[in-house]
Amino acid sequence: MTNNTGITDTVRTALREDIGSGDITSLLIDEAKISKAIIISRQDAVICGLEWAVEVFRQLDKRVKLHWHVKDGDKASANQILCNLEGPARALLAGERTALNFLQTLSGTATRTARYVAAIQGTHAKILDTRKTIPGLRHAQKYAVRCGGGMNHRMGLYDAILIKENHIEAAGSLENAIARSQQARAGVPVEVEVETLDQLRRALAAGVKRILLDNMSIEQLSQAVAITGGRAGLEASGGVNLNNVRSIAQTGVDYISVGDLTKDIEAVDLSMRFEH
Amino acid sequence: MTNNTGITDTVRTALREDIGSGDITSLLIDEAKISKAIIISRQDAVICGLEWAVEVFRQLDKRVKLHWHVKDGDKASANQILCNLEGPARALLAGERTALNFLQTLSGTATRTARYVAAIQGTHAKILDTRKTIPGLRHAQKYAVRCGGGMNHRMGLYDAILIKENHIEAAGSLENAIARSQQARAGVPVEVEVETLDQLRRALAAGVKRILLDNMSIEQLSQAVAITGGRAGLEASGGVNLNNVRSIAQTGVDYISVGDLTKDIEAVDLSMRFEH
Amino acid sequence: MTNNTGITDTVRTALREDIGSGDITSLLIDEAKISKAIIISRQDAVICGLEWAVEVFRQLDKRVKLHWHVKDGDKASANQILCNLEGPARALLAGERTALNFLQTLSGTATRTARYVAAIQGTHAKILDTRKTIPGLRHAQKYAVRCGGGMNHRMGLYDAILIKENHIEAAGSLENAIARSQQARAGVPVEVEVETLDQLRRALAAGVKRILLDNMSIEQLSQAVAITGGRAGLEASGGVNLNNVRSIAQTGVDYISVGDLTKDIEAVDLSMRFEH
Amino acid sequence: MTNNTGITDTVRTALREDIGSGDITSLLIDEAKISKAIIISRQDAVICGLEWAVEVFRQLDKRVKLHWHVKDGDKASANQILCNLEGPARALLAGERTALNFLQTLSGTATRTARYVAAIQGTHAKILDTRKTIPGLRHAQKYAVRCGGGMNHRMGLYDAILIKENHIEAAGSLENAIARSQQARAGVPVEVEVETLDQLRRALAAGVKRILLDNMSIEQLSQAVAITGGRAGLEASGGVNLNNVRSIAQTGVDYISVGDLTKDIEAVDLSMRFEH
Amino acid sequence: MTNNTGITDTVRTALREDIGSGDITSLLIDEAKISKAIIISRQDAVICGLEWAVEVFRQLDKRVKLHWHVKDGDKASANQILCNLEGPARALLAGERTALNFLQTLSGTATRTARYVAAIQGTHAKILDTRKTIPGLRHAQKYAVRCGGGMNHRMGLYDAILIKENHIEAAGSLENAIARSQQARAGVPVEVEVETLDQLRRALAAGVKRILLDNMSIEQLSQAVAITGGRAGLEASGGVNLNNVRSIAQTGVDYISVGDLTKDIEAVDLSMRFEH
Amino acid sequence: MTNNTGITDTVRTALREDIGSGDITSLLIDEAKISKAIIISRQDAVICGLEWAVEVFRQLDKRVKLHWHVKDGDKASANQILCNLEGPARALLAGERTALNFLQTLSGTATRTARYVAAIQGTHAKILDTRKTIPGLRHAQKYAVRCGGGMNHRMGLYDAILIKENHIEAAGSLENAIARSQQARAGVPVEVEVETLDQLRRALAAGVKRILLDNMSIEQLSQAVAITGGRAGLEASGGVNLNNVRSIAQTGVDYISVGDLTKDIEAVDLSMRFEH
């Protein structure tokens, strides 16, 4: 269940950015005019963001009706009609850009994720996102990743712990660091980041169940999988792109985390067209 | 003067996304520990977003001190140190990701803008942004465009009017549409969008001072410049990219608006490193 | 299109002021009681503020129904019924004062504006407002000015530039100041403030298209119009009141900006009456 | 003690109205420039609103220093310097209008109140405000009334009860209405509104300690004072203005409530001048 | 009339606490599934908080329908069905805990109040609450006290004055302190706190109408009632509990204020059960 | 690291409740007066809430200085001085009640937790909280539980999954339910609730690592520990109180979750005393 409060607030902020002290262009449009419009995709894409677009028009004018032909996570092909809209022309025009901005941004993330997921098809690995997100859109982007077939890594600093080398130093030993990580919240997920196979072995010896392999070569990753022998979930991280993701997946790691999923945006080319 | 209230709120939202109910990793770090860290750029980039990064740490712990070696709009080269930080280790770690997310996103926009500006160097044209922005970041992105050497188009629906074909139809004539656009606010900027040279001639005849040339070919753009003869500012729009922007600029248009500047994000590769 | 988010928030703040920890008077009223009421104007007035009054009752109790006999900008005469209301008596009584406070304040601004507009009837000039507004009500007051037949000057520091003497000094010359004003945002409206006819001539020579004539006498204004000869829009400003506004308009200036429109409030005398 | 949270929020809203997406005029001013300025009153006035003005500059730039020569409630004479300011020129210019808008509005209320207070000097009566206030400014206006020498009536529907004719009807009798008014909160102040001397006698017989005399003539008011003989506090209300307030006060009533104090605004003429 | 804005905001905060970045458990539930559920009380209790529970589901999914069998202030017995719910299973599960948290907390306060009210049945005294409340829930708790049959003391520092020994010292005399307390707001309720019978006599001599007897013994309270002889309302305060409240009431005091009503919470045992 | 934004907002809400339109009692206190005060505990307690108290005075008047003699989690004995305060008397008095309300509420939770922790001293079990919290205070209460020596269960619906009988039915099998719980977020903690030993065996067979034993008898719990043999973490839940918690702990379960920790509040008896 998404947190609707979050969508309401995010859309309010976005509308405030675009409309500010009032839409002066609407003076050119008759107040009573009712229009019809469609949203189409001008490229193949995985669509994401329907609830945000709906909320944009709900906040502007409850009389706008939207009829969707897709749902979040669906694949759309170029020139496919995604939605029919009908309502006061002023509201349709006032909400057009903001609704499209949400849809094109989130569909961009879903589409990119789907490319990574397709690239490793047939392997055992799962595509994960990271905390490298666009400020203000983390929850929305993480939702888009799921729509694209990816899985979410931790949401933030509050729902999982990643133990790094400097934490281990501070705690005196890996065992101490793990013990401290469990002091406050029972069962909080713990992952340990390792940079060498030696560190990996120590983490396994300490009974760690999830290990991040930081910036390892394909060969190192393969060795890590062999060493681990299923005793822990392994996550490859660092420098992943569409060219190397399949090779990484084929090493047998369980997860591959990809910063590009959410730190970069390649907006999907959508447009809204009015029927005269 | 930027609107600090906006920065405060945007940063608060971003921290809430990352820290939520509390940073549980900080349990691994001694509360009294003071650390030093640096932010470096791992690539050539135009830097943008200092005030956002400062605000991140200000909200977390006022004892964190930042000493910057660049200012917004400066070019940084790979491996250059952008900032020295010193303060409580827990606050530095808690703010690291959010501060970098702001800097990498906004520097991405500034850097991309700078590439377009460089591409048309020596021509008369100016690079403009659009309203195709990441929801919640419009003001910040428009600031980043300026840092990259670009100019801002209108901020939103409230500070300028773009008259399109359907407005003209609704108003009965171009002249009527312009007259109506001036009814509410004295001196509001008006731009007319044209798709053909014929429409351009009619707009010029009506005394329009700013005209958007939508999706015209290089040849059409050149003709438009000739027809206009300096009577109005001309803006080329539609399908602009780094490959064609120089040709477009060489037609003699005054402005080139580029949706890619702000609808896509290519985060700059920054990192924060701790000195042990 | 007004920004409904703004109305929602402004009304919420106003209700919080009046109801605070709860309306204790409502204990005297039976919870189930349904009442009818009317809002009447006790004076001739231009009415403004319907959406705010509607939102007051919407936030209190969605069962309150309002049936309006006027719309914003309509002239009402003394003792005219503006609205019939029906709903839970507690909600009608709880919202009465806040709804009237919005209507009487905004109708006050609309009515005052209409007096200025009437005073210059037949001349070429337009009545403008200023940034001298009641804190928290700028958008609402600027809307009321439009309802009264006036036009809006810039909304704030963000949507137009007024170049004053000290800006010119700081920039070295008027030409430099204008150039700098165009650096950031393409096509941002620029007005230059002049205090003497000599300054006016220099502004015209620099090609300025909108000029504010600050505190000039009727004679100076007439000369200014003659000198300008239509080359720029002229705005008279400073010390304008209902006694002198017609003389000012008759000099031929294009705009007259009036601080009194929005910095002073003379509430329209409205009242809500309950049918027993 | 004023509620600072309220001031912070009110100022934030006002700055957002004026600065919106950013102060574009500040581009004409050197970022490093430090300026000095003064705020002067161009008329005799009772000053009110210092904390709001201070907060405006605090939110814009903490480096702005203000040195005040008056405090809230002080009388200032025409051309008196109220405040010296020093700080970044951009912040001074960005905050000028908003700070003045608060000061001129609230000083207007304080000054008007002081006129009423002066008009009844030597009598026993006190000047009260009402709930007819500018939406969003009730607390601030009520504070200004106190600065002008007036007293506050109830703040809103939550801190006192005014029993009117229709409440009495609903309750069956005045005694019942009073009893019900005391059910929820122990000791909540109760005032009964009467329109005739007969109603007054009944209210006195019921032991009411505070009575509002609605729209009575001077003669009726005098009789009411005689009938009451000190058994209750009497408040004259309805149609009070500067011409009749002294006659009303001389009837011997204890309080005179004046809607004009807060529903109308006559802004004090203040200005901010920069030293070059 | 309660302030619905307060309920909306309080519920939003509570849902944000529980749902945060999204309800991940809902993945286990079919999105289309409609469920029925009941809320029952597992103990005898006075029920309070219906509007908060309704708002929880309204914010999550407007399709959830609630049918209540009780209203606020009703007594429920163990195993009684309070409410039937029907709607999307995901929303029912997502809102269950938050809705119950409001109901069990507020019903706890109402139930505790009812116990105190029952304990003094037949006496003249009234049970009052205090300002010792759970931060963020004052209005809600004061409402719950009323539902339990108690009365509210002042809401906060803004709607009544309690003069204590140190105020009297600061003002020079009790008479001065009372006079100062009336300077700002006409008719603001004043209560004087006394610790000895001698102080009580002085307060009565000064004409005080409401007196708080702080930490007096039963005998002292009886003497205070005798001394006062109806000239003022007397409030016993300090160390009141269910064991001594009846003895205190039998002394003849008018009010007994009980901090335990709102500073402690003993949640009522409620549960929500799903019909499969 | 706590989320300071949360503390700031929670304190703002609490001050608004208590101060509302302004502290009218402060009129009795000289504005310039500087006072000293102490906060003492009148009972043995575990103290919690320092940051909230600090923030109360920070928002009221930055000149108030607090010098603490304890830190969160410390045990204080009756009559121990917790804090020395010095600052403007008005601010100290205005903040007294709100600061104490935070401290007494959160210390109440910490003290109660410490009692449970002491009761099971020497056993292997850990005390956990639940989602049964006071609306608006979840993060604060969970922090107080940690200060009292307890551990936090999941924060909300977003950071862990508890699979119940009806989830298993909906998914077809326990295995399916677990698989679905892992689809969205990699490594999200999963706990399965069982009511019988048979269900326990099935959960163990499915490899579940954390199991909640709902409402089992002491004997059943002992059997569950024996059956499990360390293959999963076991949590006893339901009907836990100070009388039976040690017996439960001695069965060998790993965790005991206690709703009473946070759904009930027994405020610690604190007071603030002024030095004259």
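Per-chain residue numbering starts at 1, and chain names A, B, C, D, E and F are given in the order in which the chains are listed.
Here is the rule we use: contacts are C-beta pairs under 8 Å (C-beta built on N, C-alpha and C of every residue); 3 or more make two chains touch, one makes a residue touch a chain.
Since we're looking at a predicted model, the values are computed, not measured.
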{"item": "Contacts common to chain D and chain F (chain labels)", "value": "A, B, C, E"}
{"item": "Other chains in touch with both chain B and chain C", "value": "A, D, E, F"}
{"item": "Chain at maximum distance from chain D, centres defined as averaged CA atoms", "value": "A"}
{"item": "Identified repeat of the D-F interface (over half of residue pairs identical), from B-C, C-D or C-E", "value": "C-E"}
{"item": "Separation of mean Cα positions, chain E and chain D [Å, integer]", "value": "32"}
{"item": "Chain centre separation in whole Å, for chain E relative to chain A (CA means)", "value": "45"}
{"item": "Whole-Å gap between the CA centroids of chain C and chain F", "value": "52"}
{"item": "Residues of chain B touching at least two other chains", "value": "1, 17, 19-23, 26, 94, 138-139, 155-160, 183-185, 188"}
{"item": "Touching residues on chain E, where the partner in the complex is chain D", "value": "1, 126, 128, 146, 151-155, 157-160, 183-189, 191, 210, 233, 235, 255"}
{"item": "Touching residues on chain C, where the partner in the complex is chain A", "value": "1-5, 138-139, 142-143, 155-156, 159"}
{"item": "Touching residues (chain side chain E, partner chain F) in the complex", "value": "10-11, 13-14, 17-30, 33, 52, 94, 97-98, 100-102, 104-105, 108, 131-139, 155-163, 166-167, 169-171, 177, 180-181, 183-185, 188, 263-267, 274, 276"}
{"item": "Chain F residues touching chain C - in the complex, by the definition given at the top", "value": "17, 20-21"}
{"item": "Chain B to chain F touching residues, read off their complex", "value": "12, 15-16, 19-23, 26, 59-60, 90-91, 94"}
